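Next, two complexes with chain A in common: one pairs it with chain B, the other with chain C.
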Partner chain A sequence: MAAKSIISRPVYGTLSPQAGKHHLFVADAEGALAIIGMAKNAPAGFFDGAEIVFIPGSDGKYVAALEALKPAQLHLAPSFPSLLPRLRQTLTNAHMGLRLYLSGTEGLIGQAMQVALEAGIDHTSMQTEHRGSLARRMQCVHCKGITENVTTQPASCSHCGLLLLVRDHYSRRLAAFQGVCINAEDRSEIPPMEEIFR
Partner chain B sequence: MSTGTTKLDVVVSDVVPVNELVTRFHFRRRDGELLPTFSGGAHVVVEMRDGERTRLNPYSLMGSPLNTSEYTISVRRDDVGRGGSLFMHRSVKPGLEMVISYPVNLFSLDLRARKHLMLAGGIGITPFMAQTSQLAGSGGNFELHYTCRTASLGTYADVLQQRYDRRVRLYHDDLDERIDLDRLLSSQPLGTHLYVCGPAGMINWVRDRAAALGWPSETVHFEHFAAPQPGAPFDVTLAVTGKTIRVGSQQSLLEAIEAAGVDPPYLCRGGVCGQCETNVVSHDGKFIHNDHWLSEEDHRSGCKIMPCVSRFEGKSLVLER
Partner chain C sequence: MGITFRKETFRDDFTFRNSPEHIRRFPFPFHEDSYMYAVNIEPHVVGPKGSVLENLIDVDEHYVAEMQDRALVLAEDPLRCQSLPHMTLAGWDLLELLMEQQALGYPEHFTLTRDGDRWRWINRPLGIDDTFTFGDTSTLPYGPMEYITRQSQGDFCILDQRDGNLWMDAGMVTTQADWSLDFDIGMNFFEWHAPVPLAHEKGIFIRALKFLTNIQQGKPARRLNWTMTINPRLDTSPENYHKWGPDRTTVTPENVGDKVHLRVELQSFWRLPRSNGVVFPIRCYLIKMDELVTQPKWARRLHRVIRDLPEELATYKGLTRYRPTLVEWLSKLDDGSATSPGFGPD
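Then we have the complex of A and B:
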C-alpha cells in the first residue's frame, strides 16, 4: 500500500463491481489479482459485458486465471504503449454506461487514467486498485523528460542527468510524480541514494 | 450577516405574461449599473414584501449570462402554495422597487463535459434557458429534452425550438409522448453529463435510471427547490438565544426564526444548499423533512433539521440557534 502523504499523492481503493452496461479493465502483472478478487463479489454474468486488457509480467502469470473469468474479450499486450491505440479506440467509441477499472502498478493506473480523462471520464468515477511495485513514473521539472520505473530517492533524470528529489507531488495530467533538483546550490553535494519505491 | 446574501436593489422593468400559468419578470438595478455576472443555472432569492409579511423565494435566472443589464425570472402560479407566486402574479407591476439576492449557482454546468444532456419538466425549464444561452455562445454541445403537459403550457418551447432547432425535443403529456429514457441514456457518448430539473418524481426517476445504467454520480446534476409546505403551527425553543417562538401555519421555520430577530445563515431557502442546517438539541414529536440536503440517516437521527423547508409536529422542539 502506498503511504499517506500530501493531498496530490493519489490514493487507490479496492475494485468493486459497478452498475453499468460495459466493463473495461486495464491491468498489469499483479493487477490481475485485483480483478480475480473482485470477481468473487461480482453478480452472475458480470464478465459477459467485460473486456480485460492485460499486460502480463515476464513470467506470464495470471493469464490463465483471467481467461477462467470468461470475459467477453481478453486482450494481452506486451507494454502500455502497445495497448494505447486500442484503449483510445475503445474509449472514443464508448457510450455512457461504460465503467473503467484500473489495477496494478502506479505507472499503469496513472497512464490509463490519463487516457480516460482525455476521453471525458472523471477520475473519481474510475475504480482503481494498486498492486505490485511502488516504482514511480517521474517527470523532471527542469527538462520535462519522463523517467519510468524510478525506485530510488534521489533519482537521476534519464534525460538531462540532474539528480532529482522524487516528490509525492503528482500530476494526473502528466501521469507522473514531480522530480526536483536536489543539489541545485552545490552540484558536488551528492546525498546517498536509497532504494525506497519497491 | 448571512453567507452569500448580499442584496441588490432593483426595479421591476417589465412583467410579461407567458401563458395561463407563467409570468416573466424583468429586473434592472435602481442605480442603472450592470448586474453581477452569473453562470447558467444560477438563482436569486426574491424578497416579497407583502404587507406585514416577507417571503423569500428562490427563482432560477433564465436570461443569457452574456447580458447583465437585466435579470429575468419566470414564475409559475401555484394556487395552493403559501402565496409567494400569487403575490408575484397579482402585486408585482413594472416600476415596483424590490430587493433580490446576489446570484448563487447550485446547478452549474460541468464545462469539462463532452456533451450536456438536459432533461426539463414543466417550469424546470428556466435554468436551461440560461444554460443553453451560455453553451450556444461558446459552441457547446448540448441536447435538451423538455416534457410539458400541453403545447400551450410548454413555457418557452417555441423560443427554444426557434433558437436551437433539432437540439430541442419536446414531449407533450396530453399526446401521451414519453421520453424513451433508457434508450436516451444508453446512447450518449462517453463524457456526457446529465442535468435534470423538474418535479421531484421526474428527478428521482431520471437519477434512478441513470445510476442503474452506469452513469457515475459525478455526471448527474439535478435541482429541485422544495417550496416550504404549509402545516400545523408549532412551538420551538431557540436554546442559544433563549427565545421561544411559534411557527405559523403559512410560515416556514426559518421565517419564524428570522421574525424573532435571530439572523441564521441561509442561501437558497429551498432545501438544497445546506447553509441553514440546524442542530436539534432535543425533541418530542415528529419531523416533517422536506429537504434534499440531509442524508436519510440524518433525517432518521432527529439530530438535524433544515428550517427553510422542514416542519415539526409534536410536544416540544429545542434548536441550537
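Then we have the complex of A and C:
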C-alpha cells in the first residue's frame, strides 16, 4: 500500500456491500480478489442485481471465480479503452440507486472514476479497493501527454521525452499523477532512475 | 492625470522596470525580520493614497504590457484559461466586479455605462469599446471570464462553493508561481494546496477555508504571499518550467541586483452575488533587487528573512540554487541596525 503522502493523493478503502438497486463493478486482474472478498459479506441475492466488468490479466485468472458469484452480467474486456463505450452507456442510462465498486490497479480505478465523475456521480460515493500494481498514470505538465504504467522515479514522458519527477499530486479529472521535469534547471543533471511503483 | 503606461516586456529582453513612484508603493510583504506561514487574512479595504491599496482592484503602470504578455501566453497555450460548464454565471459576476471596480478607480481610463442589460464598456488603454448584453455570452468575443480577465492585471481563480468546500472550477492563470490550472481545475481547497509543505500540519488550510467559505458579499478579504523569480518573468508556469528553470543557474554576485526579483502576490477574496462563488484574484508584483534596496529598511529586512528561511520553505519556493549568492549580496546592505515595525519603507 502507498506510504503516507499528500492530501490530493487518492486513498483507497475496502469494498463493502452498499444498499442499492443495481451494483456495477469495474475491476482488473487482482481487483477480482477484492470482489470475491466482498462477496463473503454480501447478503443473499446481492449479485442478482450486479454487473461485473472485468479486465483479466494475460493468464485469465479469476474469471471462473467471478462466474461462480453468478452476477446478472459478467463482461470480460481486453483493455480499459475497449470497455469505455459500454461503461459510458451504462452510466448514462443509470438511475438513482446505482452503486459503483472499483477495484484493481490505480490506473483502472482512476480512469473508471473519471468516467463516473463525468456522468455526475460524486467520487465519495464510490467504493474503491486497490489491488495489484502500483504503476501510475502520469500527465506530463509540459506537453500534456499521458504516459501509462509508469513504474520508475523519475520517468520519461512517452510523448516529449522530458525526464519527469512523478509527483504524488493527483487529478481525478485527468485520472493522472503530475509529472514535472526533474532537471529543468540544469539538463546535465541526470538522477538515477529507480523502479519504485511496482 | 492618468497613468503613464510603460512599454516593456516580461520575456526575451526583459525590459520591465518600476518607476521610482512604483518602487515606493511596492507591497513589501514582511512586517518583521523573519517569515513563517500564518493565516494572514485581513479585510480588503481601501488603503492610503499612492499605495497599491488605493483602489481595491489596482491598475498600475504595467497594465498594458501585462495584458500583452497574457495574450502571448494564451496564444501559445489556451489551457491557461478554463471554465467548467457550471461556472458561466460566476464569469458574469466577475465581469461585473472588474468593470465596476476599474471604472470606479480609474474613470479616465475605463467607462462602464448600463441601460438595463445593454452594457457599454470602454477600455481606453487597450482601445476597446464594446456594447453587449449582460448574461448573453454570444454578444462577447470570449466567455465573460476570459473577456474581462484579458483586460485585468493578475490571475483569477473562480471557486464554486458546495459541500462546505471551495472548488477550483474556473480560472485565468498566466502569471502563476509554478502551479497548473489545467491540472488543478476541479479540485477542492485541500487538494489543490496539497503540495504546499508545513502548512497542512499547522492547520492553516482548515482555518483559511472556514474563513473563506464565510466571506460575505461586499466584504472582501486579502492576504499577501511571496516568492522569488529570476528575471522579471510573469509566466513562471510549470508548463514552461523547462524553459525558465535554467534562469536559476544564471545568478552571479555581479548580476544579483538585476536578475533576482521579489515576487509578491496580493491575493483577495470576493463573494460573487449571483453564483455565490468566490473569486480569488492573485495580483503579481515584481521588483528587482536593485530597485528594492533603494529602501534601506527593506534591504536589511529581506537579508534577514532570506538568510533565516527554513530549508523546506526555501526549497518549495525554488530558492535553493541561488540563495547563498543572494544572501551574501544582501548582507553587505545590512549594517545590523534595527528595522522599524510594519511593511512600509522608512
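The definition used in the following text is that the second predicted complex is superposed on the first by the 198 of 198 C-alpha atoms of A that agree within 3 Å, B and C clash if a C-alpha of one lies under 4 Å from a C-alpha of the other, contacts with A are read in each partner's own complex, and residues count from 1 in each chain.
Just so it is clear, contacts are C-beta pairs under 8 Å (C-beta built on N, C-alpha and C of every residue); 3 or more make two chains touch, one makes a residue touch a chain.
Worth saying up front: this structure is predicted, and the values here are computed from it rather than measured.
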So, after the overlay on chain A, do chain B and chain C clash or fit? They fit
In the overlaid three-chain picture, which partner chain does A:D59 touch, first (chain B) or second (chain C), both, or neither? neither
The chain contacting more residues of chain A, comparing chain B with chain C, is C
Note, angle between chain B and chain C viewed from the Cα centre of chain A, nearest 10 degrees, works out at 60
| query | Touch check for A:A184: first (chain B), second (chain C), both, or neither? | reply | second
Discussion item. Looking at A:L98, would you say it contacts chain B, chain C, both, or neither? Reply first, second, both or neither.
Written reply: first
Overlay on A puts the nearest Cα atoms of chain B and chain C apart, in Å, by 5
Counting only contacts in the complex, chain A reaches chain C at residues 6-9, 139, 141-142, 144, 162, 167-169, 171-174, 178, 180-181, 184-187
Per the touch rule above, chain B residues touching chain A in the complex are 112-114, 185-192, 211-216, 218-219
Per the touch rule above, chain A residues touching chain B in the complex are 18-22, 91, 94-99, 119-122, 124-125
Chain C residues touching chain A in their complex are 79, 180, 182-187, 190-195, 200, 238-242, 245-246, 248-249, 321
